[in-house]
Structures are given as structure tokens and as C-alpha cells.
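In what follows, chain A forms one complex with chain B and a second complex with chain C.
For the complex of A and B:
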């Protein structure tokens, strides 16, 4: 080590202490290296969990304003069943209701690919006009489509990728063993990749076609959506619908919002289980630091005291040692998790969310980082660790030098 | 070179990395405006809830619209066998029908208090 300049300024003094702290860290490089790696991993896991859940929540909320005000489902025996046309007029007559629209949608499970598609029925001509046409990559329409206008569909990117593998990207044959014959659907376009977080598993088709695929009887619908112009009245109208028809269930937009809020927060199983593991590991790390110094470390403090260092300087050395480790670990952990989630798209981590699905998006999430969260991470990791590491050194530093040197 | 200088250089490198991340953050946020417009437009046309991050089960794909029984379709209180099931907290089930009560209709405030 070079000799420090004779300047006695506070800054130079601290620099000399940092020099000594770093030397001391390098002397026990294996132990400190392991602590650093573990520390980085801990912060990396916590940050990754918060980054991914934060981004997913933001993605959920980004389109919440466009959701229907009230969704009405019919339940029988606690399970959802199709809702009949006969409910519409009575609901439409409730004061404050703007419009009631039935919807035909459901799922189609393709056993061969173990894929679950979301089938949604609507008037496809609507998508060909105005802003809607900009969210679709249109494909050249086959000649025979005009003969079967009901059997055409626009699909999500994930569905397209899957159908391409079985060479059905132009026309897909819907078939169930109990059907007399298969129904061919022409694929007239795919939803743009920007929308894949919502459209990835979608098959949007003409309502009549969807009815055939979902085997819905005429006059039956999956659910209905109620538009309420005055948001203040939504809860009351939902309540009235439930009171008039106890078998109906209403899902208001505010309920969807509250589910969105709590879906990935700390109460969620995934966040909670990751947090518990990380908290436990962090406690072990803290416990190791607080439980005392090794005889060699105690001896070092004894020698430093014997050659004239005062307690304050010894504490400064120990503080810098733990601060350097924890601060570097915090920054490295957060930066690593940023690149892992937003550049690499969370390989290995996204599989937890995907589960057993065969159709899943690329997890190109928009970064959403709360500055409060970053401050929290630094506060709950750096400060306790730095503080707790000083304590055993302080205990050793105030003990009689002679006693320390003789007993170690 | 003094060790503190080396530490300073390391911290400078980390700062540079952090600045790259911050730059990337702003770049991605700026690009997001167009994406969000497209997704809103899609949502307007297809008013379905939730994200397509998992399609393993219908109550995971549209878990805000799932009913109480769907996760337990095999038998009552059966554990969810889909691995993605554990990432979600339970949805808000306050819209489910309750036992019919006779008497005057509760006011919106009363209903809110009950929920």
C-alpha cells in the first residue's frame, strides 16, 4: 500500500480507513466473496420478483378503462353456465343502464397440441374499419371465404406460431369427436405483436362461427355486458341485477380493478414464498455477522488498539467493510435483475407464470420501477447489515486490549 | 494504485451500468405509448379481462371472471394442480350471488358496508 499523503483532512482520513478496510476484506477474500455473491443473489431475487410483478400489474391496469362496466354471468350450482336472451329486456329496463350486449366466447382445447385457445365471437367487419384495422396484420383473403363469411377468424401471435407448426396457418379445422364433420376456418389476419399480452391466445371469429365452435344453442350466450353511462350508478345497478335475479353474478369494473391490484402483491403466493425464502436467508446472513467476531478478527482489533487506534477508528473500519459489501451488492443485484427481466425477458422466471401453458407470450414487459421500491431495497438491506456488523466490533473494541490479546 | 481508487473505479463502472439501465428504462417507456394505444384499441373491441400470460386453465387465463368452484373442479378443497395457480392471489369474489334476503332493498352505502 502506498503511503498516504500527510494531509489530515477528514476526507483523506476516511480514504485511508477505506484503504485499510479493503485490505482487510481482501485478506478474508473467500469468506467475503461468498457473502457478496449471496448478497447479490438475495437482492437480485427480491428485485426481480418486484420488477416482474410490478410490470404485470401495470400491464393489467393499462387497459382497465376499456373494460365493460358490468359483466353479468349466470351461475348454476356455483358454476358458470350460458345465459339466455330472456334476461336482456328486464336488465335493459333498469334505470341508468345504457346498453346491454350479449357476448359469445369461451375456450377451445386442442388435445393434440394440448393448447387452450380463447374463442371470441364478434362482427369481424367492425375490425376492418377505423382504428381497429391498425392492430391487425391482414392476410390476403382466400377466394372461398366469401362463400362462408361466418367461418373466418383473426388470431393472436401465439396461436399463429402454434398453427404454423402443424401447417394450418392459413386455414384451421375445428373438430370435436362428437361432431359430424370438421369446420374449416380461414385465418384472415393476426393481431400485431404489440398486443400479444392480451391477444396471444385469441381466436376472434364471426359470432355465428364462434357459436358453432362453442356449441352454444341459439338464444344462449356466454355472458352479457352492461354499459352504465354514470359510473356512480354502477354498484347500484349491479346490486339490482343480483336482487332481481339471484342466480346471476355481476362483476363490476371496480371488482376487476381490486382483483388486479391484489393479484401479484405481497399477499400472492408467489411473492410471499419468494419473500419468505429471501428473508430467511438474509436473517442467516445478519445472524452470522451479529453472532460475533472470529478470534483472528478480535486479535486484529486488539493489536490495532495496542498500537494506538482509538475505538472510533476501529468502528469506522468495520462500518466501511460492511457498507462496501452491502452497497456494491445492492447496486449489482438491482442492475442485474433489470437486465434479466427487461432485456433477457426473465428466462427461467417466466416459466413460473406460464405453468403448463403451451401458448404464452414473450414476456416483453414494460419497465415500471418505483423509486420508493429502490430506496426500500437499499434501506432494508444496506443499513441493517452495516449497523449490525459494527456491533460485535464495538464490543471487542471497548474490551481491555490486554484481555483480548491474551485470550485469543 | 490505492485500493480506494480501485473501489472508486468499480463504483464508477457500476454507475455507468446503472445509467445504461436508466437510459434503457426511458427509451422503453417512450416506445410503450404506441403499444398501449394498440392494446387499448384491442381491449375496446374484445372486452375480455386479464393477460394471456398463462393459458393452462381457464380460471388462470381469465381469473377475474372465474367462479369459486373452478379451481376445485376435481373435488371440494382439492389443491390447484396447475403450477401457475400459485402466482395469483385469490380474486375478488364479492360479486357472487349470496342467499336471497327478503325485505327492503339495501342502499348502496349499506351494501358497500356489507361488502
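For the complex of A and C:
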């Protein structure tokens, strides 16, 4: 038989190596399958946490511009209570304050659906005319609506879906136990899906209507919102309000933002730590892989060296084996996680992140994938695993062939 | 006089040199083998046959001395070049065959071709040729672990020949074979010799030593060549 010419290019040799690596993975399919499953599970959990926190944060920040610069609440005995109109002029006089708006809001519990809705009162004419228009899908206004301007409302998508189930999607009857009769409210629009995080359980109505539903006294408000044109002055104005009126509490936009962000991060960390068992099991597997090869694997390396394979080529085989496993795991883990979060809407997982206030109304996550995150997943999983898995093979490959073959 | 294809000059192997457990399995071994010859390294167990054969086959490096194959000194070659030399010129049939048990017969035979980056078609063509020659075609997809000892040996011989080597080394090839399989093996060696292969067999089996195809017997004792 003629001797082969050493003409195969680097690429052709790599193809041969990859062929052999795939064959080798398949031959040890039980062990490799187990590693792959654990690996996919790990990446699935980590990706899911990142996807859900990423999407929620994007949801949050898409509506964050609408948040007031400062919210002012009144406390009595450490409890929040209604705030009176008399505070407005004094706060408005503070230098740097652009405007002060009173708000009426609270919660309405609907026994039939066991759902808690957030009721918010404002001047709906302002809503119809201003920038808010872009976040609302307006519905055809019934003829008699103008005759009851206080009893109109714009609702979140989740509320709309629930009310549709009880055939109240056009008009909803509010009733409180101490009322003599129910009050019908016309639904004139729904909030668009990009504001879901904040609007899903929301009912926005005319201030007087909200005051009736929430049973507030005339002239009382839930809180005040203060608009500050210069963001640099926000903290100082909040401080001044607290100094002038020690009974008032201020909450700035940045505080709300950071509360949300840290809550999501904390919840993300909590979920990751609860998955420690999976992570630990995976580490054990990696350790097993890293701490040594089976006698059969060592012998195979000895055989390959004995028939003329270079150490470099043996390491390439092992590198491709671990790369194929880790890369497939990364891809499968991320795809499964995407499917779970954005198609199945993260059953059993979403509730941990969203919390009690939106438990009942449905809430859809909008995909938000950061390419940096995908690179991070590859960097922290594929590269270290490939390197760790190659190490014992390198140790075997530099050992005397004769010694390996005699001792395995 | 025929061309010398293989030569060892005062080859010595020392394990654990300078330590209390120092071992010298081969000492000052010098031999020369001409092209197309069949030579047997004969000697009892522990006489150094396998070690000398392994050094000639570049499996281990001698501590002292020189090994020349086809006029080229190979004992001090760096690993990469020693591997290339092995792939180009040496075929080695190990005593334990050293096949990958869960690979098929075909894949085992093709293993030495992978470092060349040869196309799958060409690899298969060469392997099929050997499968036919060594009557292994019906077993081509069998896992090696499912074969008999004789069949495994034929796979090992095929694997050693696939690179088109000129020197074939066999270490105790008949140690695990019965009389019939030993005869078959010697038949194959004879055929290869007729085709021009240079064959060096390490064996203490008298059937091998006394076979007609053997041109010369080199006897070893206590690590030294005695005749």
C-alpha cells in the first residue's frame, strides 16, 4: 500500500478530528448525556433568571418616564393617610418646583373574581389630550358618556381580559358594602402592552369618580405628585418638603427605580441560590471530568499516541468533545429558556419576580435579549469547561505511551 | 549485500537512572536488518525484546545509542517528528493488539490516517483494500470487542499497514493464538515479506523462530544481544 502524502490542509485535519470527537462522544453517550442534561439545566436556570429580570427591567424603564419626580404622602402614627389640599400652595412655593398635582388612588377588591385592582383618579380630559394618548388604545365612546364625565375609566389589559369574562368590558358596576346602589363606569380605553408592568391591574378614572369608589372625603387626596423640571434639584426639594412638614414623606423617582431594580436583582439572586443543588451537581460532574480520565479513556489516548498521533491532535479531539457538549448545552439551555419565558410565560417562575400586586391579572413578558448576556453565558460556561476537560487529557498525552499502555 | 533498512547502534535503555530501583532492560544492543528481511528477536521473558522493539518503533526513547531507520537517525527526534516518522515508516502490532474496543473494525483500521487529514473516501478505500486482504470484510462494522483473538490480530495488522509503512514490528504476535491461528499469522507475514516488507518479530515461540520465512534469529538474554 502506498504511503499517504502529507497534503491534508489544517481544515481537513480539523474535520477528521471533529468526526472522531463526535464518534467519541457518542461512544460514551451515557456519561456525556448526563453531563449535557445537567449543563442544559444549569444554563436554562441562569438564562431564565436573566431573561425575566431583563424583560421586567425593560418593562419598568419603558414606563419610568411617566413616574412623578417626587410623590408626597402624609403619615399619622406611622401609617399613610389622606392628604389635604392645604399643602399644595406651600409646596408649590418651594423654589425649583414646577407643578404640584394631587392624586387619588387605592385598591378595589372584586370578590367575584378574587382580584385586586389599582384605582387611580386624574383628569381624564388631560389624558385624552396629552402625551398619554400614545399609550392608550381608545375605544368608541358611548353616546351617554359625556353626561357622566366622572364615571369613565381607562383600564389595563389584564383588567380588560378579566372583565370580559363577566361581560363587563364596556361598562363596569362598582359597589361598596355601605352604598345603596351600584355605580356604572364606562370603559373608554385600555393601556397598551408596553406599559403592562404598571398598567396591567390599573383602572384610571376621573378624580371625583375615584374618590367615590375609594370612599375618600371631598377635598382629600391619597398623595401629591411634585414635578421638578431640573432633575439635579429633585433630592434637595424632597429634603425641603420633609423639613418644612415632618409629617410628610417623600418618594423620588430614582428611589422607585432603584427599589424595583434591587427587588428584581434580589429575587434573581434568590432564585439562583435556590438552584444551588443543580449548580453543585454540575460542579461535581465537572470535577469528575477534570480530576481524571477513566482507564479506558487513558488507554485510548495511549493507543492514539502509539499509532503516531501528536499530543496536539489528541488535545484537539478532547477540546472539540468538550466544546461540542458545552456549546450545545449553551444553545439548548438558552433556547429552552426563551421558549419557557416568552412562549409559556414562565409558569411557576414569573410569580416570584412579579409579586402579589399583579398576581391575578395576566401579564405577558416582552422579549429582551442582550447580546452581552449571550456572550457572558458562552464565556462563563463553554470556555472554562472546555479548558478544564482538556487538562486531564493533556496529562495523559504527555505521559510515556508505553507506561500508559502497560498500566491501563 | 541487501540495503540495511534498520540499524541499532549500542542502544541502551535505563529506567529510574541513578535511583535505587534502576533497571536496565536493554544494554548496548546493536543489530542491522536488511530490506525485505524477516528477523526474529528471540529470548525468554524479561530479556528485553519488547523494550528494544519499542525503541525501534519510536514508542520509547533509548537512554543511549542510536537507531537508524532508512538511513535516518530517529532516536533523538522531537516528539512531533518521531510521530511523523512512526506514521510514515513503522507499522507496529502490539502483543495486546491495543485496539479501541468500542470502535468498529473499519474505524480502528482507519485511525492512523486521521492525522493526515485524508478525505473520508480515500480513508475508506485504503481500509477496504486491507479488509479484503485480511478477510475481514464481513466483520467491518463489528465492534472490535466482539471479535475473536485471531480476528483482532488481523485488525491490528491491517491498522499497522494502512499508512503504507515499510517496516513492520510485531511484539509476541502468537502469544495468544492457537496453532492454527499461529500458522495463519505466519502465512500473512510470509505474504507481506514477499511484497517487500521488512519484518521484525519479538517472540519466544519456537514455531515462529523455526518458520521457513524467517531469515535470521537474533537472540537476547538479560537485555543483551547474545547471538
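The criterion applied here is as follows: the second predicted complex is superposed on the first by the 299 of 408 C-alpha atoms of A that agree within 3 Å, B and C clash if a C-alpha of one lies under 4 Å from a C-alpha of the other, contacts with A are read in each partner's own complex, and residues count from 1 in each chain.
We take it that a residue touches a chain if its C-beta (ideal position, glycine included) is under 8 Å from a C-beta of that chain, and two chains touch if they have at least 3 such contacts.
All values reported here derive from a predicted model rather than from experimental measurement.
In the superposition on chain A, A:23 makes contact with both chain B and chain C. By the touch criterion defined above, A:81 reaches neither chain B nor chain C.
Taking chain A as the reference, the larger set of touched residues comes from B, when chain B and chain C are compared. In the superposition on chain A, A:230 makes contact with neither chain B nor chain C. Of the two partner chains placed by the overlay, neither chain B nor chain C lies in contact with A:407.
With both structures placed on the common chain, the touch criterion links A:294 to neither chain B nor chain C. In the superposed model, A:308 lies in contact with chain C only, and not with chain B.
The contact surfaces that chain B and chain C form on chain A in the two complexes overlap at residues 1-2, 15, 19, 23.
Within the complex formed with chain B, the chain A residues making contact are 1-2, 15, 18-19, 22-23, 26, 56, 59-60, 62-63, 65-68, 71, 73, 75, 77-80, 103, 105, 107, 115-118, 120, 122, 126-127, 131-132, 134-135, 156, 158, 191-192, 194-202, 204, 223, 225, 235-236, 238-240, 242-243, 246-252, 255-256, 258-260, 262-265, 267-270, 273, 324, 328, 331-332, 335, 338-339, 342-343, 350, 352-361, 363, 366-367, 369.
Residue ranges of chain A in contact with chain C, taken from their complex: 1-4, 6-13, 15-17, 19-20, 23, 27, 296, 299-300, 302-313, 400-402, 405.
Taken in their complex, chain C has these residues touching chain A: 54, 59-60, 79-80, 83-84, 86-88, 90, 92, 94, 96, 98-103, 107, 111-120, 122, 126, 129-130, 159, 161-165. The touching residues of chain B, when paired with chain A in their complex, are 2-4, 6-7, 10-11, 14, 17-18, 21, 24-25, 28-29, 32, 34-36, 38-58, 60-65, 67-70, 82-89, 91-92, 94-98, 100, 105-106, 108, 111-112.
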